[in-house]
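As written, the chains take the letters A, B and C, and residue 1 is the first residue of each chain.
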Amino acid sequence: MTALLELKSVNARYGQLRVLHDVSLAVEEGQIVAVLGANGAGKTTTLRAISGTVRREGELRFAGRPLGRSGPETVARLGIAHVPEGRGTFSELTVWENLRLGATTRHGSSDDDFARVLRYFPWIEDRRGQQAGTLSGGEQQMLALARAFMQRPRLLLLDEPSLGLAPLLVTEIFRIVKELNEQEGLTVLVVEQNAHIALQVASHAYVLEVGRVALSGPSAELQEHESIRRSYLGY
Amino acid sequence: MEIARRLAQRPVLLVLAGGCVFLVVGSLDSSIFAQQTVAGLAQGAIFGSLALALVLIYRATEVINFAQGEMAMATTYVAFQLTKWGLSYWAAFAITLVVAFVFGTVVQLVFIRPVQQKSVIAVVIVTIGLFILIDGLVTWRFSAQLQFMPAPFGNSVYHVGSVAVSRQALGTLLVSVLSVILLGVLFRFTKLGLSMRAAALRPAAARLVGIRVDWMLAIGWGLAAVLGAVAGLMTEPTQFLQPTMMQSILLYAFAAAVLGGLESPVGAVVGGLALGVFLNLIGQYVGFVGAALQLPLAFAVLLGVLLVKPNGLFGRALVRRV
Amino acid sequence: MKAAALAVTAVVIAVLPFELSGYHQGLAASVAVYVIAILGLNIVTGYTGQISIGHGAFMAIGGYTTAIMSHDHHTSLLATLPLSLAITFVCGVLVGIPALRLSGVYLALATFALAVSVPQFALKFSKFTGGSNGIQTSKTVSHLWLYGVSWSCAAIALAAAWLILRGRTGRAFRAVRDSELAASASGVSLAIYKTLAFGISAAFAGVAGSLFVLATNGFAQPNEFGVFLSLTLLIGAAVAGLGSLWGVLAGAAFVALLPTVSQSVPLVGSAHGQDVAFGLAVILVMLLLPTGAAGLFVRIRTLRPNNADTTES
């Protein structure tokens, strides 16, 4: 069975600077896969390479189809939702308008989609008219997640959801991600610096170092791995 | 009272409210005042339409389209040609709006898109080049002599008490305000409008939700051209059709757009109306300001406002992150 | 290499007028006029980052100074040049002070307001300025004289610009452009350098304006200094690009010569061919060379073998 997402020997560069070297990874349908690594390891660039936000070479396949030179607009229509670094929320628009934007690629009525979103994020109902930029960091992250979910994607790319959030909120976010994965069958590729929680939620993980895949394997194994424990888990 | 509290929080609204009260009182007091106010509003509506076009494009691309006035003028000539070929005024009006939309999108695709990634100043220069080019082409095709179109609203004058108000002024006001409202509805309530707003605010994030930002920009230019066409068609009855007809209107539109705050569509319209009324009243009551000083006066107002509110009346104070 | 190119150019410019007819001498002189004006604009916009679409106004002030002083007080034409320089410098500083509060497009439009207003003031205060008919100097000059003086002034302007820009002032200007916050945190007084940039650039434009008036038979008229002049200067500065004095020559030549050259465009006829051709040329140049002539020169320089592109940024 082919994986939902496959990357083979992907390179990416910003101008003259090569950031990803020969990165290969695979995500099976229904999995949560984590990409770990220090700052500057190329984790964000990996997601950008998939969504077409950055130029890349190499083989990228989604549901068997090569992604070619598709830009972000096309990739979104293929069923990949990318929640970028900084969340990509439209701070000047209202909460509801942000959600509506998630439905851009959907045709027909999105009433069902709104209902589903409200099931996972009930607090949104009361805040519909609030300007998104005035939400707290945690709420904005959840709004970004909700917006991505509105797209009804097959694959969710999540970039550092824990960034700038208090531990309780981080746990909550990942709880929702896990719920979406289990209840809605949403495949997730999450990039995280917080290896601890990422390895708890994900079934598989890749560790990037300086733009290359240094390690990969089931989370349980990686959690026991000596260097992972030392560098990323702190014990 | 809620309204009083809201007004107190936003001094700009307070000033505008005070201005409106002043206008109403003055109009009730003097019929000349009332006439000048109405005429000023009609003139201001034209400034506002063109200013709104400028703001639309500025919000989407951070570019000041110097060719907006000439594009408006060119589309007015299209309407002229259509009437010459036998169409009624309003049929020509409708077709011209469609032509203007296509014109605007084509200009964006052909001239602006190739440069817009490279530098803002290059795009501005291209719009200046377009200004010159369009002016030259229209003058070549139609010559510089004055042309006349059938009057859209007729020449009748209504009398409300002792106040004489021309049908033309009312019609201009109505058409301009209607087009602005329609545009507002488009942006607020439709999916396309939301996508366009998102594309203008955060193009990168918009792409991630699947918005084709490039198409949104082209459509934005198309809509701006439609607004310009309305402004041009509403200007023609008073200025008559000649290649230079929109050049000073463009300048007033700049002043109105900046006055209102370049990021604010509401500001552009309010700025235009306010400017129109202000200039008319000053022209009437302050003899020193003759024809030559109207434009500098508009800009003096502009400069005055900018010194107090550097981002315009409705502009947001930008918080710069260090 | 550079010095040699400079010497050759200087010689060419010195010898050229004797090969040209009077009309062409005048044309060549106008290139020098634009060199000076565009140089000034480049200093305030390109190097200090303050966008100005209003330098036509400073040219107007300089031009009218020359015309009025010559007409009313019979001042020698050459003597009006330093006077015009001083007056426009002061005007530039005066404009620079309120400009401190504005930035970006708001500054651009505020300076645009200036460009629009100054000719209108000239119309209004016709007692001093001759109104729409303008005012003329008491003496006119030959094309050769004009050529000589213009290019001498251009040479001085180029030298002055080079000296200013390579020194401490130039570094301060560039610092202000690149990051006002960092500049002021490093002790660069924004107020002083920003107004200085305006003053210097206005002075350049003022001298250019004086020469401009001399080039048009000594006439200073409001419609010559209208909006279009400021837009032309902006075009010239954009075509010139940033960071290259040679680029300024290219930009000046472009705006000074192209409208006249394009008068002989077939098909469209001379009256309107000028506009159509010039407009198209401006668009094409920006499409092909968005960073101006200077950008082109940079690209040419980096293509040479001893400047191999091995940088990893």
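Keep this in mind: a residue touches a chain if its C-beta (ideal position, glycine included) is under 8 Å from a C-beta of that chain, and two chains touch if they have at least 3 such contacts.
Keep in mind that what you see is a predicted model, and the values were worked out from it rather than measured.
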If we look at subunit A and subunit C, which chains touch each of them?
B
Report the chain ID whose CA centroid sits closest to the centroid of the full protein CA set.
B
Hey, which pair has more contacts between C-betas, B-C or A-B?
B-C
If you take the mean of the Cα atoms for each chain, which one ends up farthest from subunit A?
C
Roughly how far is subunit A from subunit C, going centre to centre by Cα mean, in whole Å?
53
How many angstrom lie between the CA centroids of subunit B and subunit C, rounded to a whole number?
31
With chain centres defined as C-alpha means, what is the inter-centre distance between subunit A and subunit B in Å?
43
The answer for subunit A against subunit B in the complex is residues 51, 53, 71-73, 76-77, 81-82, 84, 88-90, 92-93, 97, 100-102, 104-105, 147, 151
Interface with subunit C, subunit B side, in the complex: residues 58, 62, 64, 66, 111, 114-115, 118-119, 121-126, 128-137, 139-140, 251, 254-255, 258, 262, 290, 292-293, 295-296, 299-300, 302-303, 306-307, 310-312, 320, 322
Sort out for me which residues of subunit B touch subunit A in the complex.
191, 194-195, 197-198, 201-202, 204-213
Residues of subunit C touching subunit B in the complex
98, 101-103, 105-106, 108-110, 112-114, 116-117, 120-121, 123-124, 181, 227, 231, 234-235, 238-239, 268-269, 271-283, 286-287, 290-291
